[in-house]
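Here chain A shows up in two complexes: once beside chain B, once beside chain C.
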Partner chain A sequence: MAATVVTVTSGKGGVGKTTTTANLAVALALGGKKVVCIDGDIGLRNLDVVLGLENRIVYDLVDIVEGRCRLRQAMIRDKRLPELYLIPAAQTRDKSAVSPSDMVRLCDDLRAEFDWVLIDSPAGIERGFRNSIAPADVVVVVTNPEVSAVRDADRIIGLIEAEEKGPARLILNRLNPALVKRGDMLSADDILDLLAIELIGIVPEDENVVISTNRGTPVALDGKTRAGEAYLNIARRLGGEKVPFMNLEDKQGLFQKLARMMRSGG
Partner chain B sequence: MLTYKRSVINIKGIKDGLLITLGEGEWAEVETLLLQTVAEREAFLKGARVTLDVGNHILHAVELGALRDKLSEHNISLWAVLSNSPVTEQTAQVLGLATRLSTPRPERAIRSLDTNISGDQALFVHRTVRSGFKVSHKGHIVVLGDVNPGGEVLAGGSVVVWGKLKGTVHAGVDGDESAVVCALEMDPMQLRIAGFTRENVQRRGKPEPEMLWIKEGRLVAETWKAKK
Partner chain C sequence: MAGWLERLFGTKAQSADQAKDRLKLVLINDRTDLTPAQMEDLKNELIAVIARYITIDTAGVNITMAQEGREHRLLADIPLRPAARRRSS
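Moving on to the complex of A and B:
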C-alpha cells in the first residue's frame, strides 16, 4: 500500500477545514479504505472534537516527533469505523515543536500502512501551514463564498504553487443556493473564474453540519443529509471517480410548496 | 544667340539625374544663361536632381551657394558639381555637394533597407499573479495570466496583461508618462501610470479589452473592439 497524503488548508480560519477533514476521512473510511488523519493545528487542536475522539487522547503528534511514544501508541482508532485513525495535535505546545521534515518523515512511516493520510492544516500561512503541506501529494483548498475567504484562498493557492505542491484542488463550503440565486452571494462560477483551479466539491450550507460537529459525529457517517452526500461525493472524486455534481436547487416538492404558500397566506 | 547659348549650356540625362555642362566664358554671363535656360524649360527640369559640370570655372562658396539657391527656387536640386579646378571642388565639398559621378553615393551602395525593428526589453511572466504576490521590473512587464485582487504589478515601463486585470498595477513607477497599461479584461482594484491615478470607474457589464495611457495630462482609456 502506498498512501496518498492529502492536506486540507484554506488560509482564512473558520471556513470549515476541520469539518472537511473529518468528513472526508469518514467518507473514505466508509468506502473501505484505511485512513489516518493528522491534526496539524498544534496548540489549537479540534479535529479530535469534531471526530468525537477527544476523551481518548493519551499521546499526540509532538510526543511522536520527540520520541516519547511509538507511532502506534498515538494513533486513536475510531470505534464506529474499523479503519479510521486519528493522530491528535498537542494542545500545550505550539507549531514550532514540529518541523516540515518531521511531518515528511511521519507521513513516510504512515504511507506503507494506509490508503489515505489526511492532514488538517491550521489557518494562516506560517509554520503550521508549511508543516502541513510539506508531505502533501494533493492539496485541497477549502473556501466559502465570501470575498475575504476567496482572497485568502487565492493567496494560499499561490503559496502552494510556489512550494511546487500545486495545482491545488478546491472545495467550496457553505454555499447557499438561494442566496446565489438572488445575487447576494458569490456563485461557484465567480469563484472558479478567479481561482482557476479544479473544483472537487461544493458543500451546501446545512444546519446538520453544526449539529453533528457539536456531537462529534460527522455528517458523512450517515449520508442522508445534503452536506453528508456532498462529502461522500468529494471522497469518491479524490479516489479518481467521475461523480456528477449534485443539483443544489431546492428539493422541495410541489406539496411542500403549496403547504408553505397556504401557511404564509393564512 | 540661341546657338551660342546651346553650346554653352548642355543638358543630358544620366543615371543620376541630369548632367548640365557649362561652357567657357565670363561666369556671370554663363550663370545668367543657365538660369534663363532653366526658366525656359522649367516644366521639363522641375524636380530634377542635377549634376553641374563647370569645367574650368573657378568658383567660391558665395557664387556656388547663390547658384544652388537660385536653382532650388526652380525646384531643381543640385547635388553634385564636377570641376577641373581643385578650388571649385573644395568649395563644392564645403557646401556638401558631391564632386564625383563615378563613385556611387556611399549610402546608396551600402545601406540596404533595415527591416529589423529594435524594441525594448520586457519581463515575461507566464502565470497568474495571485493575492499577496508581486511582480516588479525596471522595464516593461507582460503577464500571460490573470492579475487577481491583492496581486501587484509594478513596472518602470508599460504593462500588458493577457488575461484579467483585477489587482493593483502601476506602470511608469519612475515617472515615465509614455507608459501604457493594457489588459484583456480591464477591471483593476487600483491603476496608476506615472503620477496619475485612475478615477474609480463604475462599470456596467463585462469588462472589455482596454488600453490606458496619459494624454495631455489626463489618463485616457480606449476600448479595443474587433472589426465586425
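Moving on to the complex of A and C:
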C-alpha cells in the first residue's frame, strides 16, 4: 500500500473542515479502505468529538513527535468500521510543538500501512496550516457560499500554489439550494468562476449534520441523508471515480413549498 | 413584503449578484496585492508615460484587469489622437 495524503483546509474557521474530514474518512473506510485521520489543530482539537472518539484518547500527535509513545499507541481505532483510525491533536500544547518536517516523517511512516491519510488543518495561514499541507499529495479546500469564506479560500488557494501543492480541489459546503434559486446565495457556478479551481463536491445545508455531530456519529455512516450522500460521492471522486453531481433542487412537496411562499411572501 | 415587491419589479439587485461583483474586485486586490488607490495611481502613471511619446485621447482610455482562470492580465485600451499633420513641402 502507498497511501494518498489528503489535507483538508479552508483559511476561514467554521466552514466545516473537521466535519468534512470526519465524513470523508468514514466514507472512504466504508468503501473498504484503510484510513487514518490526523487532527492537525493542536491546542484546539475537535476531530475526536466529531468522530465520537473523545473518550478513548490516551496519547496524541505531540506524544508521537516527541517520542513519548509509539505511533501505534496513539492511533485510536473506530470500532464502527473495520479500518478507520484517528490520531488526535494535543490539547494542552500549541502549534510550535510540531514542525512541517515532523508531519512529513509521520505521514511517510503511515503511508506503507494505509490507503488514505487525511489531515484536518486548523484555520488560518500560519504554522498549523503549513504543518498540515507539508505532507499533502492532494489539498482539498472547503468553503461556504459567503463572501468571507470565498475570499479566504482564494487566499489559501494562492498559498497552496506557492507551496507547489496545487492545484487544490474545492468542496462547497452548506449550500442552500432554495436561497440560490432566489438569487440570495452565491451559486456553485459563481464560486467556481471566482476561484477557478476544480470542484470535487457540493454538500447541501442539512440539519442532519448538526444532529449527527451532537451524537458523534458522522452523517456518512448512514448515507441516507443528503449531506451523507454528498460525502460518499466526494470520497468516490477522491478515489478517481467519475460521479455525477447530485441534483440539489428541492424535493419538497407542494404543501411545504406553499408554506414557504407564505412565509417569505414570494 | 417589501422585499417581495422589490423583487417583482426588479428594483433591487439580487444579493448573490452583489456578492459576486464585490468579490471580483476584492480578489483582484488580494491577488495582485494592489489597493484600489494604488491601481488608480498605476493607471494615471501609465497614461502619463505614454502621453510623453504620443498624443492620446485621455478621455477614451480604458485600463482594466481581466481574469482567466487564476491568472490576471492588465488590459489597456488607449486610443491615439491623430498626430497634427505635419506640413511637408
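What we mean here is this: the second predicted complex is superposed on the first by the 252 of 266 C-alpha atoms of A that agree within 3 Å, B and C clash if a C-alpha of one lies under 4 Å from a C-alpha of the other, contacts with A are read in each partner's own complex, and residues count from 1 in each chain.
The criterion applied here is as follows: a residue touches a chain if its C-beta (ideal position, glycine included) is under 8 Å from a C-beta of that chain, and two chains touch if they have at least 3 such contacts.
All values reported here derive from a predicted model rather than from experimental measurement.
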First (chain B), second (chain C), both or neither touched by A:Asp154: both
Which of chain B and chain C A:Asp190 touches, first, second, both or neither: second
Contacts of A:Gly240 with chain B and chain C, given as first, second, both or neither: neither
Most chain A residues touched (candidates chain B, chain C): C
Touched partner set for A:Val180, first chain B, second chain C, both or neither: second
Overlapping contact positions on chain A, where the chain C interface meets the chain B interface: 151, 154-155, 157-158, 161, 194, 196
Touching residues on chain A, where the partner in the complex is chain B: 151-152, 154-155, 157-159, 161, 194, 196
Chain B residues touching chain A - in the complex, by the definition given at the top: 127-128, 130-133, 146, 148-150, 166
Partner chain C, residues of chain A touching it in the complex: 146-147, 150-151, 154-155, 157-158, 161, 180, 182-187, 190, 193-197, 264-266
Of all residues in chain C, those that touch chain A in their complex: 1, 3-4, 7-8, 14-17, 19-20, 22-24, 26-27, 30-31, 67, 69-70
